[in-house]
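Okay, structure first, notes after.
Chain lettering (A, B, C and D) follows the sequence in which the chains are written, and residue indices restart at 1 in each chain.
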Amino acid sequence: MQEILQVTISGLATGAIYAMVAMGFTLLWQTTSTINFAQGEFVMLPAFLMLGGIVVLDLPLAVAFVGALLISAALLGAAFKRAIIDPMIRHGVLPLAIATIGLTLALKNGVKAIYGAEAHPFPHPFPVEIWRVLGVAFSSYDIAVIASVAAVVFALNRFLNGTMTGRSMQAVAQNPEAAVVLGIDVKRLILYTFVVNAALAAAAALLVTPVYLFKFDLGESLGLKAFYAAIIGGFNQMRGALVGGLIVGVLENLSAVYFAPAYKDAVALGLFVLVILFRPEGLLGREEARRV
Amino acid sequence: MRKTATACVALAAVLTAAPAVAQDVKFVGIFEMSGPGTTAGTNFKNGADLAIKEINAMGGILGRKIAITSSDTASNPTTAKALAQKAVDEQPYILLGPVFSGSVLSSMIVAQEAGLPQWIGGEAANITQQGNPFVFRTSFSQAQSMPKIANYIAGDLKAKSIAVAWVNNDFGKGGRDQIAKEMGSRNVKVVADLSTEPGQVDFSAVVTRAKQSNPDVLFVYLNEEESARLLRELKKQGWDMKKNPVVGETTLIGQKVIELAGDAANGAQAHVGLTIDAPNPLLTAFAAKYEAAYKAKSDHNGIKGYTGVYVIKAVTEKLGKFDRKAFAEAMKTAQVSAKDNPGVLMSVCFNKDGDLDRDSYLAVVKDGKQVIEKTLPPVGICKVP
Amino acid sequence: MTALLEVAGLARAFGAVRAVGGVDFAVEDGEVFGVIGPNGSGKTTMFNCILGQLRPDAGRVRFGGAEITGARPLALARLGIGRTFQSLQVFGSLSARDNLIAAAQEYVGTLAGRLLAAPDAGLTGRAEALLARLNLAHVADKPAGSLSYGQQKLLDIGMAFMSGARLVFLDEPAAGVNPRIVGEMAAMLRALKAESGATFVVIEHNMDFVMGLCDRVMVMAEGKRIALGTPAEVRADPQVLEAYLGG
Amino acid sequence: MTLPTLSRANVAALAFIVAMTAGLLAAPLFLKTYGVYLLSLWALNTVAAIGLNLTLGYAGQISLGQAAFLGIGAYAVAILMKAGVSFWLGLPAGVLLAFAVGLALGFPALRVQHHYLAFATLGFNALVFLVIRNEEWLTGGNFGIRVARPELLGHSLRSGIDYYHVCLAVLAVTALLVWLLLRSPWGRAFACLRDNPIRAESLGIDVRSYTLLAFAIGAACAGVAGAFLAPLVNFIDPSPFGLVPSIYLLLMVIIGGPGRFFGPFLGAAIVTLLPEWLRVADVWYLVIFGIFVVALMAFCPGGLLAVPEKVAAMRAARRSARGSAAGQAGARP
């Protein structure tokens, strides 16, 4: 029992991070049908910027974070949308997805060429303390991560449902043509979703890098796991991404303890394939209308 | 397209031809510069490049400078083999790399057929068990390092049971198989067999399972970053390293691990073949030079690449000529002392298989520093000067 | 005369919207049967329910006396039911000739046999003849996607006849066609009908087109049948007048 | 069968094929063993990419799992050869296995489409990788299997040039068979499947069977490539059969031009020879490649072979813009 609790809590913390990255996936999918295979690199880059700020410019973490947030909002949000999405969106899903694969290669290897292939430690934004309750070790950091992700989800939800801009963004996501008719400035709102995605990625970077350690390939497995999470939960639903992330995180841990560790990735993967085959809209997703 | 191809060929020809002045001696390097082996391959390459720069500054080998061309195997054995093929075409004196055993296994056949001495970073035991006279190690084979560790675990620590946490790639699986064998012959039971993924982040399940099995010793055979994450998780779950020692190889307590794991590394012990933390002024000096050159600390792969090149220099100079066949022959009984050849950092000898032997250390992390507990003598496969 | 197609109580809703609310009709063998109605009256949904694109909520469809309710489009095609879609549906990357061959090749030999068969499955002659009939012989080798709208429309219709279907559904054949050649289109359809002997079911907006082409016409409004009869009868029906003019 | 007409395009294609064949046969005269090995690798990559091009480019089914089939072919041959079975028996076994698994994987294609299908094949590939790595008793796991070069009619293929000729022959035969298939009614049905599956079904085209076949035949091509890859490298381990190699195979098809017969030839050449071509760029070569991929997708998503058409279309557009400015009378509505 203790063991289940122990690995479940760790899994939730890991899963919360997957969820955060996965939410970005769903955001972009909903508004522009973009599958961003570079999502993991969108986390790696702000982490790299923060580390650069801390190590090279000697900035405090908070300042470095704000700087990285702004730069990635501009670069991975606005510039990404203008330079890559806009010219390619009319070609359909596949060329865009391929382009993001190209982007992955460029970003990952660019950072490696600049900063080398070694892993680097990264400061914790929250203090790390261990509490032991009934033989189960709780890390204050894990709890802070789960709480931060919950806070981000809550804030994002408030923004999407509680503000005019947010509601318009949802309208755009659900039906861009109708949104145009309603007089919504679709272009600007799509731009917002890209900026929000980049900001989410930067926030994820702040939470994840102390645990993952900074390395040029930081985004590789993170992006893939987040992708599994988004599919499992529901590609067109924000809460789907959240639940999917938690499921993947917990499942990985449980299967490593109670199933063959060498196949621990296979369990989440198996679920991923099953969901695609039997519930392609995801566990929590809405069914998408098939277009003739 | 054809034009581009021609242009590229011409450009490549110009670029490779230009620096290779007639009296230079040619080395070719094939390293894991991208893909999962990037860290290992890059360190190895950096170490080798550093040695070559130094040697060239001192006038080269037998008065000839070393010209090296390196390429990226992308951690893919198919590419590694292709690049070995290319190396053979260029007729170099020495082939350096690769580091991952899979790539070594695919490329060594090519070098062997061409009679090209190959200096590798792989530690899998079977590399040198195939009668290839042209393959040489830069570090212990797992067949030599594991008995040293097994003796320590079964003898000094008097363990009756161990749990093994290993990374599921050729490096980790090879180590796991060897240690399981050695433990079996010493009547120590392996009570948990914990495979982990390369690049794994969350080690809570591994530690939980290790705790469940309650072993006398936890043996860890992971890469540096994963080691650091495991150590953090051990600390978090309250693992008592005094009661249940955590023992590993170089990769458990390297400088990088301590940097990444912080005080969670305290108490971890390891058999260390090559470490910049050894009480050895030559290694300390190397560490400083490496860091100055690459703004990063060298791991054992950096030392492997560096010392490998210096061994080549020492053996060649003793031979007095550049002759690949004679070189391979001389390697079978080569003994290089650090006193006469400071670049090799530690005295070393080779046997007929291409395996090496030298001192190694048992180190423990205390207050964020590697402290050498004792020096472990060579295994005895050849005579260390 | 026997009914070739019988539709009884066919219904389909989308959420709360009853797109088709229980429609009955029968199409006699050899006639041209028109379906008209204002936008959103459920014509195309009804077509899709009959032709296997949508599953009807209720009702039955029989073809030649056999039950075909909910059958897949492939099965219907194999039974000899051809169709066109409301929007253009040609294979844009294939040549016009290949579009026609594609429309009939699956009726020649077996699946495995077609791997080893001649590239044109022996259909070039028939395709050429139909191309000539459709006045498309001069563009036979051009990719269908590069043809003009009217040409693609003709090709689309031609594909429905290529396999020798007994019953052909045409969803707005004259929509978007230059008004000058709507007449030609009707003439073409009459000629195709005469040659193939097939039965037609036609959805159309263009009143003149429908009235000139069809033997009988069914009028739909709000998912229901409001009139059925000869063009003259329908034209005189006050309910129809109201649906079209009064609304 | 009707004779192909000698149109200008056919003559040009024929001339190109003859020139390419002559160039490839003459290449070893100018190349050292490395070059020959690289060309052998190119030939086999092209075979695998031709298969993927059939699945993706002609039949419109996205697959991100082609490397898994490469692995199935390679491991079938390696395992059987280790057990003492001749390569020439292992080859059909590997190809059949790849075909059968491809057929099975085609079933998801019936349930889900487009990107979901790509995801399902991606998951499949990751699972195959795990099995290859973990089932050491069968596959040698991380340590891999050594594979000897086979003999052909008593003649050993150990020499790089001999084996290169074998690889070229494999490429020629695969290309010819796929070309014949594309010319047959099947090829037309595949195109219909890609252009408009719903219309295809209404015309009696059995979309289900053709989708399954498109998958299985593409997989079988990869199986062929894998079966010949193992003896080429003399060694196989799991690394060339993971997700990243699958993505590179996809890039080969996309870069060359999906749905174009010679696309895989060009795409495989670029990706296989890439590190060689960008040697100048040193550690930046993958950065440059990544940017190239992004730029290609932005300006010409149809791949490199679509560039001439794209340029021609742009010129024509400019000309007609000028023409319509000069006088609107000639322009058609």
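Assume contacts are C-beta pairs under 8 Å (C-beta built on N, C-alpha and C of every residue); 3 or more make two chains touch, one makes a residue touch a chain.
What you are looking at is a predicted structure, and each value in this text was computed from that prediction instead of being measured.
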item	value
Minimal step count in the chain contact network, chain C to chain D	1
Chain occupying the most central position, where position means C-alpha average	D
Centre-of-Cα separation between chain C and chain A, whole angstrom	48
Approximate Å spacing (C-alpha centroids) for the pair chain B, chain D	37
Computed distance of Cα centres, chain C from chain B, in Å	73
Where chain B touches two or more other chains at once, by residue number	33-34, 168
Multi-partner residues of chain A (at least 2 other chains)	109, 112, 260, 262, 265, 292
Chain C: positions in contact with at least two other chains	53, 85
Complex contact set, residues of chain B against chain A	33-34, 38-39, 41-43, 168, 194-197, 199, 201-202, 204-206, 208-209, 211-212, 224-225, 228-229, 235-238, 256, 259-260, 262, 294-297
Chain A-facing residues of chain D, complex	62, 108, 111-112, 114-116, 118-120, 123-124, 126-127, 130, 133-134, 198, 243, 247, 250-251, 254, 283-287, 289-294, 296-298, 301
List of chain D residues in touch with chain B within their complex	32-35, 37-38, 41, 133-134, 136, 141-144, 146, 160, 229, 233-237, 239-240, 244-245, 266, 269, 273, 275-277, 279-280, 283, 285-286, 304
Complex contact set, residues of chain B against chain D	1, 4-5, 8, 11-12, 15, 33-36, 71-72, 74-79, 81-83, 85-89, 101-102, 105-106, 109, 124, 126, 168-170, 172-174
Chain C to chain D touching residues, read off their complex	51, 53, 72-74, 76-78, 82-83, 85, 89-94, 98, 101-108, 111, 114-121, 159, 162-163
